Structure formats: structure tokens, C-alpha cells
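Paired with subunit B in one complex and with subunit C in the other, subunit A is shared by the two complexes that follow.
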Partner chain A sequence: MRRAADATLVLVLLLASAAALLAGGPAATPAEALAALAGGGSPEAHAVVVGLRLPRLLLGIGVGAALALAGAALQSLLGNPLGDPFLLGISGGGAAAATAAFVLLPAAALGLVPAAAMAGAAGATALVWWMARGPLGPSSTRMILAGVAVNAAASAAILTILSIAPSPRLPGALAVTMGSLASASGAAVAWLAPYLVVPAFVLLLHGRDLGLLATGEESAAALGVEVGTVRRRVFLAAAALSGGAVAFAGVIGFVGLVTPHLCRLVWGQSTRRLLPRAAVAGAALMVLGDLVAHRALAPAELPVGVVTALLGVPFFVVLLRRTS
Partner chain B sequence: MMLLAARALAGGYGGAEVVRMVDLDVAEGDCVAVLGPNGAGKSTLLRLLAGILPATSGTVELRGRPLASWRRREVAQTMGFVPQSVSFAFPLTVAEVVQQGRAPHLGPWRPPSPRDHAAVAAAIERVGLVGREHAAVQRLSGGERQLVLLARALASEPRVLLLDEPATALDVGHQLELVAILRELTGEGVGTIVVVHDWNFALRVANRVAVLHHGWLHAAGSAAQVLRPDLFREVFGVEVELIERPDGVPVLVPHG
Partner chain C sequence: MAAPTAADFPSEVERLPRFAPSDLEAIVALRPDLVLATTAGSDPRAIARLRELGIRVFTVDVTSFDRLAAACREVGRILGRSAQGERLAAGVEACCARAGAAAAPLPRRGALYVVWWEPLIVAGPGTFHDDLLHRAALANLAPPGAGRYPRVDPELLLDPRLQVIVAADEPDLRSGFARTETAPAGARIAGGDVRVIWLPADPASRPGPRLPAALEALVAARERMERQGTGHGAQGGEGAQ
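Let's look at the complex of A and B:
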């Protein structure tokens, strides 16, 4: 059953990826796209498929995997099923900084928006960590409370910025808050890859520890987890993944929160096995979501976060009802 | 060599000292019952001994080596710890929880081997939860959950076992089962320290008793030496009567 589910998951990701590359729009037919991928075809098709569709696909895979991994790790770290990058204010901090940068920076410097988003996410992370510190180190409850507060502040900042933004800059700033993979480029993917791979490895390394941490600090320490070290590393890694995702794709909800739960329902609770599956499932959901977002109502494009929610929530509801 | 030895051990939370200057030794096959009123520092002492809470002064040695020089995973391979309760944020099954006890032997990547599965099955059988492996632990009664936590600690095959009030939620039948399990373990040479509120439970399982009062070790020694009526007057403020059953087992009965 688990094997079959694994195979299905990989198949869904592969099919969605193939569809994104080959059937991404009228600019190149599937045959032309295939030729371009093989190194031939017209220069126009090559530009569209290799220059646009491929980076967009890779960005979707990276962002989806990053969000789902961060969500799965934070849920266990906090011992709270609601844990995800949004709950802790990390995405909010990144989005607030990115929106501000979009509105304030001169046109020539708009390439710095991802850097601003990363800085904002890092700032929010540091703020939450500092606020949550108690005499015994940061506690999960304090961390969640701090995250909620930082998130509220970030939302307020975003709304303020949007309401006073000059109209030419408004669409770009709005896109950050709604989430989009449209800014994908080869350079963005190359820049983001190491930023996602290293923290992802850290989380996978601590998969088993995270399962133990979900049962409480005392219980985890008794089973050999260096609670302080692991918590610091996991929190920083999850923050880096979320910050990277916000920087290049804006705020995309739902993937980080619900993908891990989908995987828990299908494969059980072992976090060592959950994390890699959540990453693949997050990638698949994101690629599918983006495909629907920019093909369903073409030429109009929906915010990808809306689509991932529309796709994932019904599936989640059915699974939850069937297994309860 | 002592399995576990504490010297002038002190510690607490945020500058407030809860345990003060405690000396305690556990040899192979020892079962030490830690007694004392609420807030006397019993659970804190257990956390200090397990190294979960760092000591502010004094030392703990595990198998002759300072606990501070052990890595947490090494400690967990040797010492089992049964907390009073555990939070289950996700719907784990009994088998999944007991499986966690093997984590110290597995490290980050290695999947469980047949040897690990055997240890888990043996632990589940020992606490009498065979047939309940796939039950959701959140749906178990409080007593059954305590047994699951005991099984989790047993699955790590510890040489030293620390138990924090393992009997509080157990009905009398399960309490007697726990007594039998603890006796079996001491018979196998496992050193155990068990925090209990029930004096008679302590009398049944422990060959030594340590009484904490305001964080100090008020008295320590064999149960017969320590559990005298004057101790209960001083520490708990109650009058008790020590009755000997026909089979020689002493029973403590409080007055009033």
C-alpha cells in the first residue's frame, strides 16, 4: 500500500512536470517543446521552453518542496498540527519586506526584492526566537504566540504599504502577497538551489529527532535528542526554506500546512519517512497548482496559492473523513 | 561499579534551586524508591539524574563516567526514562510510540532491523499490551498510556531505568503487574529509581528508599529503616501505623 502510494506520488510529479514543460501554452506545441528540450527546434520554442517553462517548473518544485518540508518540520518541532511558516510569522516577515522593497526601490534595483524578502524572513525569525526565549530556552507555546504577533504586524505593514503604494508598482507588490511563479528565471533557480538544498538536508538529517520532539522536550531528551541544538537547527533551516520560497514566489499558503498532513494520512506518522514524502508531495502540488493557475483561465492567470488551496483542500477533506 | 551515582547534586529552574545537595547511589539490581510530599523536588531530581536538566552544582556519574561527558544519545542507550506524561500532538499508534524507544540505537538514517522489531515486540509483551499495537495512543486510558511509556523505555533495553510516578493512573491490577515488571527488571540487574506517592508500592518494589523534603535528602536507607512513623510526622505531617501482614510484608496505614 505504501509502495503503491509512493509510486503514485512520483508518477503525479512526473506527469505534472511533463505537462508543465510540454503543454504550457500556445507559444510552443508539445512536439515543438519536445524538440526544444532535446536541443533542437526553433529558437522561439527553445526560448519559451528552456528559458521560461523549465525554470518555472524547477522553481515550482523547489518552492513546493521547501514549503512542505518547512511545514512538516515545524509541526513536529512545535508539537502542534497547525505549525507552518505562516503561523510563525516567517512568511509574513518576508512578504512585508518584499512588498516594501517593491514599492520603495528604484526601478533599476528591483532585482533586490528577493534579497529583501530573505532579510525580512530572517528578521521575523530572529524576532520570534527572541520573543519566545524564556528561562528554559524558547518554549513552543511562546514561539507560536510570538509568531502570531509577528504575523499580525507583518499583515498590518503589508496592508499599509499596499494602500499607499503608487499605482504603477501596485500589481508587482500585490503579486508578492498572492504568490506567483511568474518571476522564474534560470538565474533565480541557480541562486535559490543551494539556499534550499542545505536546509532541506538539515531537516532530513533530523527527521527521527523531530518525531521524538513532537512528544515533548523532556520525552525527546530522554530518548537521546540534543533538544537545544536540534531545535535551533531545525528552526533556522525551516526559516531559510520559507524565506527562500517567499523571496522567489511570494506568499503561497496551504502547501506548508496541509501537504504534511496529507502525507501523514497516507503514510503514517514516522517523521523520518514523512519528510522526504512531504517534499515530493509539496513539489507535485505546486507544479499542478501552477499549471492550473496559468492554463485554466488563460490568458488570465490565477494566483497559484489560490489554486493549490482549491486543489488540496477537497482532497484533504475526503482523506480526513475517510480515515477518522 | 555503581550504575548511577550522584554527589552533592543540586539544580532547579531559572535560578531557583529545587534539589539541594543530594547523594544517591544505584547499583545493579537496586530499586530505589524516591518519596516525598508534593513539591519536594522528586521529579526534578529524576530530571537531574537523567541529565535532561543540567545540574547547577554537584555531579552525576553514569557507569563511572561523568554524565556531562556523555552524548545524549549514548545516555539514552544506557538509561531509560519514563516521564509522568507525554503530549501526543499526532495520532500515533502504540507500536509507533514504543518504536521510538529504539531511536537511541538507530541514529538519523538507519531503518529498524529485525533486532529492533524484536525489542519492541518484547517490550509490548512485557507490559501486557499485546493485541493493542495498532490502537491510537490518544484513545487509550491514562493507565494504558503509562504502560505504553514504560514499554517505550523498555524497548531501548536500558541498564538504568528512571520512572516518574509510573503507578499513579494504574488500577490495582495494573499496579501489581508493574510491581512484577520492576521486580523482574531488578532481577535482571537493571538499576531502577522510581518516584512514587504510594508508600506501600515503594515497600513492595524497593530495596532502598530515599525521602526528599524541601529539596533535601531527608532520609535514605532500607525501607524498614526509613519508613518509620516519626518520618511521616516530620515530612508529611501525618500519623501512620506500621502493620505487619501475616506474610511479613509491612503495610503503612495513615490515621485520620
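Let's look at the complex of A and C:
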């Protein structure tokens, strides 16, 4: 049963990826796209498929996997089903910094917006960690409360920036907050991929510890888990994944929150088993969501975060009702 | 009389009291007999609130050159200066007629009016930029039904139908263009299959009676482009200042 589910998940990702590369657009028909993938076709079709669609697909896979992996880890770490990068203010901090950079930086320096987003996510992470620290170290409840506060501050900062943004910059600044994979480039993928590997590896390495932590800190400690160390590493790794995702794709909600729950409904509660599957499912959901965002009203684009929510919520409700 | 903070034409506005359009208190404090607003950039809630407060507000629709001429006449009538309004409207219409005559022999080419490069945001149907393209014998390739200024797929820049891009000459847009031109989406621009016409940002980005100057500049740039061999295979952008 689980093997069949694993195979289905990989098949969905592969089919969605093929559709993302081959679906007809204004500049390349499916046949032209296929020829370009095979190394032939016109220069225009090659530019569309290899220069635009392939980086977009790879970015979607990376961002979706990062968000879902971070969400799954944070839910286990905090023992809270609402745990995700947004709840902890990490994505909000990155988005606020990106929006500020987009509005304030001179035109020639707008390429630094992703770096600003990562710095904002790191700053929000440090702030949440600092606020959550008590006499016995940071507790899950304090981390969630601190995250809610940081998130509220980030939202207020974004709205303030947007309200005073000069009108020529406003459309682009709004786009930063809405989330999109349309700006994907080979350089972005080449930069992001190695950056995501280390924190993803850290989370996968701590799968067993996270599973024990989800049952309670005292019992986990009794079974040999170094609670403080694991909590710090997992939190930082999840924050790094979220920061990378926000930096190159903007704010994309829902994937980090619901994908782990979808996977639990299919593969059970084992965190060690859950983490890699959540990563693949997050990638598949993101690719599917972007396919719809990209093609539903083509050549106009929809915000991909809206589409991932529209795709995932009904599926989630059906699974939840069946299992309950 | 008072002018919004962004107004910079004619130079006499520098001597007028200023107000931020979003600051209703400042507008009310000026005790205006009449407030002029545009459908393009005014917050309809603010307009409704001013009307609730008993202030007379006239909203000018400048989503096309025809409507612009009609608005000139209407504003002249409201201000008791019908003759001046008529002269202004006649000037708009004469300018459009001249531009139309000059554009008539030009081949109709697929075009986009780019508002922002990254992400790609273009002027859609129903905007004065759309009318600007249409009157310069350019067919707007922006998708209908996706809003006035939709965000579109960068692949649209590689659409073989696209031959001309029009944009306002602003530093932000020049900078975004420089990055786009060297990215895969800019392959047809870099290869000279798509020519870029840079219009002076003022008046191209300001819906008002000076907008016909942008139309004349666009048509003149198109005429130069066609004389140079339609732009296909040629390098670089076309200035229209």
C-alpha cells in the first residue's frame, strides 16, 4: 500500500513536470517543446523550454520541497499541527525585507532583493529564537507566540511599505508579496540548489529525533534525544529552507502547512518516513500549482500561492473526512 | 486652487498649495468648490467619502483619447470655461487625427506596452496605453479579460507575433530591461526581432491632456523604425524623446 503510494507520488511529480515543460504557450507548441528538449527545434523554442520553463520547474521543485520539509519538521518540533514557516514569522520577515529592498534600492541594485529576503528571514528567525528563550530554554509555546508576534510585525511593515511605495515601483512590490516562479533563472537555481541541500540534509538526519520530540520533550529526552541541540538545529534548518524559498519565489502559503498533513493521512505518523515524502509531495504540489497559475489564463499569470491553496484545500478536506 | 503632490506641470503648480490625494483631511481643509479626479488613479472610496461630505467631485475618464477629448470639454463646461475646454479638446482631436494619418500607411505589428519587466506586467485592453498602441497601428498582444494591467508569462516576449515593445523611459524600467534583454526571455529583443520604443515617461505615464504628445512621439518612432527596415535584424532600442 505504502509502496503504491510512493510510486503514485513520484509519478504525479514526473507527469506534472512533463506537463510544465511541454504544455503549449505563446512561443512553443508541445511538439516544438519536445523537439527542443531532444536538442533540436528552433532557437526560440529552445530559449522557451531550456531558458524559461526548465529553471521555473526546477525552482518550483526546490521551493515546494523546501517549504513542505520545513513545515513537516516544524510541526513535529513544536508538537503543533499549525506549525509552518508562516506561523513562525520566518516567511513574513523575508517578505518584509524583500518588499523594503524592492521599494528602497536604486534600480541598478534590484538584483539584491533575494539577498535581502534571506537576510530578513534570518533576522526574523533570530528574533523569534531570542523572544522565545526562557529560563529553561525556548519552549514550543513561546516560539509559536513569538512567531505570531513577528509575523504580525512583518505584515504591518509590508503594508506600510506598500502604502508609501512610489507608484512606478508599486506593481513590482505587490508582485513580491504575492509569490511567483515566473522570475526563475538558471542562475537562481544554481544558487538555490546547493543552499537548500545542507538544511534539508540536517532535517532528514534528525527525522527520528523529531518523531520522538513529537511525543513530548520529556520522553524524548529520556530516550536519549538532546532536546536543546535538536531544537536549535531543526529550527535553524527549517528557517534556512524557508528563507531560500521566499528569496526566489516570494510568499507562497499553504504548501508548508498542509502538505505534511496530506502525507500523514497517507503514510502515517512516523516523522522519519514523513520528511522525504513531504518534500516530494511539496514539490509535486508546487509544480502542479504553478502549472495552473501559468496556463489557466495564459498568457496572464495567477499568483501561485492562491492556486496551491485552491488545489490542496479540497483534497485535504476529502482526505480528512475519510480518515475521520 | 491646489495640486496633488505628484503634479509637476505646468511649472505654475509649484506655487500652489499641495495635498496628498489619500489625505482627505487636507483636501477638506482646503474647502474646495470642486475636486477633479481621474478614473485611472483615484481611490473610488475616497471620492465617495468626499461626496458624502458635500464636496463636489468630477471624475475624468481618460481610458481612451476619445474620452480624454470629451473630458476636456466637460471640465471646461464645469469650470465655466467652455471655450478653453473646446480648444483643448480640439487640440487632442487634431493631434490624434495627425497621428492617425501618419500611422495609416504603417504596417500593423504585434506589440506590448510594458509597465514592469520583472515580473512582466503589461497594459491590457481598456487602458489608455492600449488605445495609444492601437492608434499607432500596433496590435496589443496583452490578454483580454485578465485585468487592466495583468502580470503575464515572460514567454510572451518570445511570441513570434511580438515585434514592438513600448515602455516609458524611466530608470527602473531601463534597469529591468537591461536584465531582461540578457535573460532567455529577451532572446528576440537581443536578436533584433523585437524593437523597443522608449517613450518619455512624462507624459506617457500621465493620463491627461498632454497624452497626445506621447502618441505623436510613438508614431514618429514607428516611422523611423520602418524606414530603418522594420527593425527585424536590427539592434537596440528606439528612443522617442
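Convention: the second predicted complex is superposed on the first by the 323 of 324 C-alpha atoms of A that agree within 3 Å, B and C clash if a C-alpha of one lies under 4 Å from a C-alpha of the other, contacts with A are read in each partner's own complex, and residues count from 1 in each chain.
Convention: contacts are C-beta pairs under 8 Å (C-beta built on N, C-alpha and C of every residue); 3 or more make two chains touch, one makes a residue touch a chain.
Please read all numbers here as calculations on a predicted model, not as lab measurements.
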Should subunit B and subunit C be called a clash or a fit once both complexes are overlaid on subunit A? fit
Contacts for A:L14 in the overlay, against subunit B (first) and subunit C (second): which applies, first, second, both or neither? neither
Applying the touch criterion given at the start, work out whether A:A152 contacts subunit B, subunit C, both or neither, answering first, second, both or neither. neither
Is A:S183 contacted by the first partner subunit B, the second partner subunit C, both or neither? second
Subunit B versus subunit C as contact partner of A:H294, first or second or both or neither: second
On the A-aligned overlay, A:A221 touches which partner chain: subunit B = first, subunit C = second, or both, or neither? first
So, does A:G268 touch the first partner subunit B, the second partner subunit C, both, or neither? first
Nearest Cα pair across subunit B and subunit C, whole Å: 40
Once the complexes are superposed, what residues of subunit A are shared between the subunit B interface and the subunit C interface? none
Listed in rising order, subunit A residues that touch subunit B in their complex are 75-76, 79-81, 135-136, 205-209, 211-212, 214-216, 218-219, 221-226, 264, 268-270, 272
In their shared complex, at which residues does subunit C touch subunit A? 6, 41, 115-116, 118-121, 143, 145-147, 149-156, 158-161, 170-176, 179, 183-185, 187-188, 205
Which of the residues in subunit B end up touching subunit A in this complex? 13-15, 47, 50-52, 71-77, 80-81, 83, 86-93, 96-97, 100-101, 103-104, 106-108, 152-153, 156
Inside the complex, what are the residues of subunit A that reach subunit C? 25-28, 43-44, 47-48, 50-53, 106-108, 110-111, 167-169, 171-172, 175, 180, 182-183, 185, 294, 297-301
